[in-house]
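The two complexes that follow have chain A in common; it is paired with chain B in the first and with chain C in the second.
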Partner chain A sequence: MSRASLRRDGRGHREMRGKELRTSELTQFDGSAWYSQGLTTVVAAVNGPVAARQEDYRKCGVQVYVNRAVRIPRAGGTDRLCVEEQRVEQRRMDAEVEMFLTASIQAVVRLDQFPRCVLEVHVTILADDGALLSVATNALMCALLDAGVPCRTTVAAVSIVALTPEDGSPVTAPTTTTTTTAAPEASSLLSSSLPLALLLDPTRVEEGGDGVRTCATATFVLSNSADGSNNSSGGVLVSQLQTCPRSSMHGGRMSSKDLVGMVALAERAAVSIFSFFRKCNVPLE
Partner chain B sequence: MSLPPATGAVELGSFKQHVIRLLTQSKRLDGRPFDSIRVPHILYENRQDTKINRVLASTLYTDDTGTCVNCIVTGVFGPPPPQHPEEGRLTVEVTAPFFPGYSAFQIEGTLHELARFVRSTIISCLDLTELCVISGEACWVLRVELIVMNADGGLRAATLHAAVAALHNLTLPKARLPSGDVVESRCLCFHRIPVAATIGLCGTAGSMQFLLDTNAAEESVADVLLTVVIDETDGIVSFLHHGRFPLLLPHLTDAIDMVASHGAALRSAILKSSNLPQ
Partner chain C sequence: MMAHRCAFQTIASPALTQREVEFTKSAWIAGLRPDQRGAQQLREVNVDFPLLSRDVSCVRCGGTIVTAAIACELVEPFPYRPKHGIIDFSVRQPYTERDSSAKTAELKKLTAFLERLIKGGGVVDTEGLCVLPGRRVWSISVDVTVLNDEGNVTDVAVWATVAVLLHYRRPELTIRGDSVILHPTHERDPVPLSIHHTPLSFSFAITMAPGDRNRLARGRRDSQEALEVVVDPTFAEATAASSSVVVAVNAEGQVCSVSKSEGSCIHLDEVNHCMETASLLAPHILSLIRDAMAAHDKRRQEALKRMFLWAQKRSGVTSEATEPEPAKKLKTET
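Then we have the complex of A and B:
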């Protein structure tokens, strides 16, 4: 993090990375979207709704398959156990993306119009450079629109990283029991007086953080406003917030007020994503 | 996301209609008021008999209605992770062996997401450098195994409480490294204690109704589900929410305040039982 209020790649705090969208490229699916923000690239493909047997026959079932183009290769020797743990952790992150996308589809698609059917979504993560949940959700939204699946609303997903402000005194790691009880209180006072600094559309390095200042990473899925105005969004449909390890020992507290600030920033960022989607909606001639 | 409710011989759709009819009459399936939680009970297994199997802690989480989670913590020595050589390693496994009738693919995805949620929440409240024995050479590898014996909603909160009860005040025993060095015993401490609750939101007849600590039947019919994890200072540790319609900001803050009002009761229920054997 540079001193001149610019990030490592030259962006400001509230600036998103470059967006790119390509639809209808996979002809064997009903709808597909290739979407990237910066270096994070996700391909989403939608099949269906098709008739299938399932238990809850009153509405359409949703099946999301998440794959990665590059997985951690296996290793031998003394690192085998550590590498196997990383592979398991990567597989669980795929399951987390899967659950997040399933919740987004259930919130957006009118599943009750297709009883006894299944909607299949195949998501391939080509590159992961941070903000993976939001890029995958945006790609999925474009694929659903490309497939012509009836939706209640359009959504835009935004990822945000919260940092403790840089103006406070540098907080050192507590070493003894007395400083453990004293330092978090002082840091809590510092962090409660100053609002948290928010980074929009973080990269992977910013998501990992430096272990001290990075408080939390969050992803919000916001719906389009009902009146179609460009000034606000319609509310939060899906959200996920997780505090980072090693930061809460140094007083990185996350309160309800900080959550409100993050959602407000996400709502303003969603307006730019909605306008980007609208500009890509060029009719074919 | 949670496991589907066990409806017995009743069809799932009819069971949902019954729960919806009860909720419109301002009643819940188990007769609780809308803003009450099911107080957990932690049974702590005696450690003396299980020290041979490298089991460091074993807890059984139950509440008044149905949910039962067994948590077993084992520890061995191993190399530290390459990204953070000064830290120990913590792995979480979640299994649900008593749900054979449902789709195995859906269950596996839910359990994987659950394990990731429990692990990321615990490592944000626990200092992993306490598990380090020799920086870059040797560390404790703690394996937390969560067995979901019965699930009745609030699965994230139940598994998190079981894991926190097992890991809080965990004593890493005195042991000998393969090189012959003796490692002294150490007590594992959380620098903040997370407690969690699941809140359901039903938009019936145009009014919003919050259901605190939902069970599985209510989770299948609720329009919005929120999982809130907070610490002692009512700071947010984790926050997950998804639903059928968008939520505005006052609903999110109201949900956090509802969990915060019951945080002290949940925290004392988890920690009081875990301190009994000592």
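Then we have the complex of A and C:
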């Protein structure tokens, strides 16, 4: 890989940011975790399952609250409308994080063992510098393990950005595309034969991109492998894919091969997150 | 008296709460505190800036953890105050089912206390935040998040807010006529906010009402003295106390705010004693904040140096332009 394909913060395309994990700090809750990847920092606190009144009493209910550590500052005059729109957009993004975390909990926790109960999760986003869904899911997984909630498996979440490679240095996805069958029509299929470049663990600048080359942003939640090997994971449980609209220059270019490449890269990245979690599990002496 | 207090958090049973209250009162009569601290001794205080950016501070006092975050933007001012900037406070806390409904009222009172202390007390001059009168002013938003509550949230929230206000840097401006140029941080160094003084608040629990103390003094003849005023009350002590006083002093020893909202009557001697104790404790907390700011600046310098080393390698400044090794940093703190 040449030097021109390094990212602006010095990482390669398949490199994750530095991770930090602290658990059991919030004594008020049953389990808590303080997890950060780079500058994105999330504090997750888990309470319960506790007895509560609810509609469906046959299994445990899940309630996720997402808070941001800092709000958008107030404004007067006509700027008040812009600030209100930004706050509405931020609340919509927080609702998306809530739905994603609720789906992850429902996939992982054995909710059927706790009828007439509610599992409460409080997620505080201290800083958002990209890959927010994966950092929040990893923090939530550590908090659930800290609380001793019985889970089917452990999960690790990975965020990936797919973008069109530059003309000078094509960076290929793990999938290999055969161009022998397309040789007679090479002139017409030249633009679509180049696979997309994949960035692992994107920052906020890379997620937004330049508005031209970014095709999709995906977050995958992968479970641990059953045999405990370090070479593979147990598959994707929850995923979220956000593509650019078709009307943009590189929009609508996502194909099944690119998606398979993203899943393969996410599975390889999840192994490093699982090994990080295992290293943090050293008992206190 | 018990009706004014919140429900006890970590121990939900009323019988155990009553035992905690009785044990605390017996310890006070014997001149001790339940966790063996002195009457004027704080719990272990730790001030930290957890992120590399300067806008989040985290203060721990024993088991109480409070995080304060700040955001700053250039906005249009309010029409009725065109020459004043905007500074806004909010206090939030994750809600547990063991909290009572009075928790939201307490958080609102804490927000009002922060607003009175910092905005009303002249810590940040809102007129100094004006850039162009009527068109552009700075708007500051300080959000305090109580992550863990083991008593004395008011003090820790004020310390975290003061720490984040002291440490934050806003972008520099260049004003030419009616045009305002906002310089990014890589063009010019950001500018600290103008803080006039640093108030730090301290909560005190008054152990007994004056009538009870007089009755107790008549009843017993020994020379053992009961505790009257304790600083930094835990949750059990706040539940057992007859009233509470919050005193805010700055580094020069001037009293900025005294707040007593509920409970029994107290003597003026006790208020004076609270002010003197707060004046003794404030320089210690301020030195902790200054040390945390210096340590964070050193950490930021080291991170910037590592970043520059990588850029040096990439652009070939040195003679051998080698490939940088993968910088996977795993920091583990369990």
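The rule is simple: the second predicted complex is superposed on the first by the 251 of 285 C-alpha atoms of A that agree within 3 Å, B and C clash if a C-alpha of one lies under 4 Å from a C-alpha of the other, contacts with A are read in each partner's own complex, and residues count from 1 in each chain.
Keep in mind that, in the parts below, a residue touches a chain if its C-beta (ideal position, glycine included) is under 8 Å from a C-beta of that chain, and two chains touch if they have at least 3 such contacts.
Small disclaimer: the values here were computed from a predicted structure and weren't measured.
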Fit or clash - chain C, chain B, common chain A: fit
Which superposed partner A:R58 touches (first chain B, second chain C, both, neither): first
Which superposed partner A:Q28 touches (first chain B, second chain C, both, neither): second
Partner chain(s) touched by A:R204 [first = chain B, second = chain C, both, neither]: neither
Partner chain(s) touched by A:Q240 [first = chain B, second = chain C, both, neither]: first
Contacts of A:D79 with chain B and chain C, given as first, second, both or neither: both
Which superposed partner A:M93 touches (first chain B, second chain C, both, neither): first
Least Cα gap, in Å, left between chain B and chain C after the two complexes are fitted on chain A: 12
Intersection of chain A interface sets (partners chain B, chain C): 78-79
Parts of chain B lying in touch with chain A, wherever the complex brings them together: 1, 12-13, 78-79, 81-82, 89, 91, 102-103, 105, 108-110, 112-113, 115-117, 120-121, 123-125, 127-128, 191-192, 231, 233-249, 252-253, 256-257
Complex interface listing, chain A residues touching chain C: 3, 6, 9-12, 15-16, 18-29, 34, 36, 39, 41, 43, 45, 47, 50, 52, 65, 67-80, 83, 120, 122, 124, 126-127, 272, 276, 279-282, 284
List of chain C residues in touch with chain A within their complex: 9-10, 50-53, 55-56, 63, 65, 67, 69-73, 75-79, 86, 88, 90, 92, 94-97, 139-141, 143, 145, 147-150, 307, 310-311, 314, 321, 323-324, 326-334
Interface residues, chain A side, partner chain B - complex: 55-56, 58, 63, 78-79, 81-82, 85, 88-89, 91-96, 98-100, 102-104, 106-107, 153, 180, 184, 188, 216, 218, 222-223, 234-249, 253-256, 258-260, 263-264
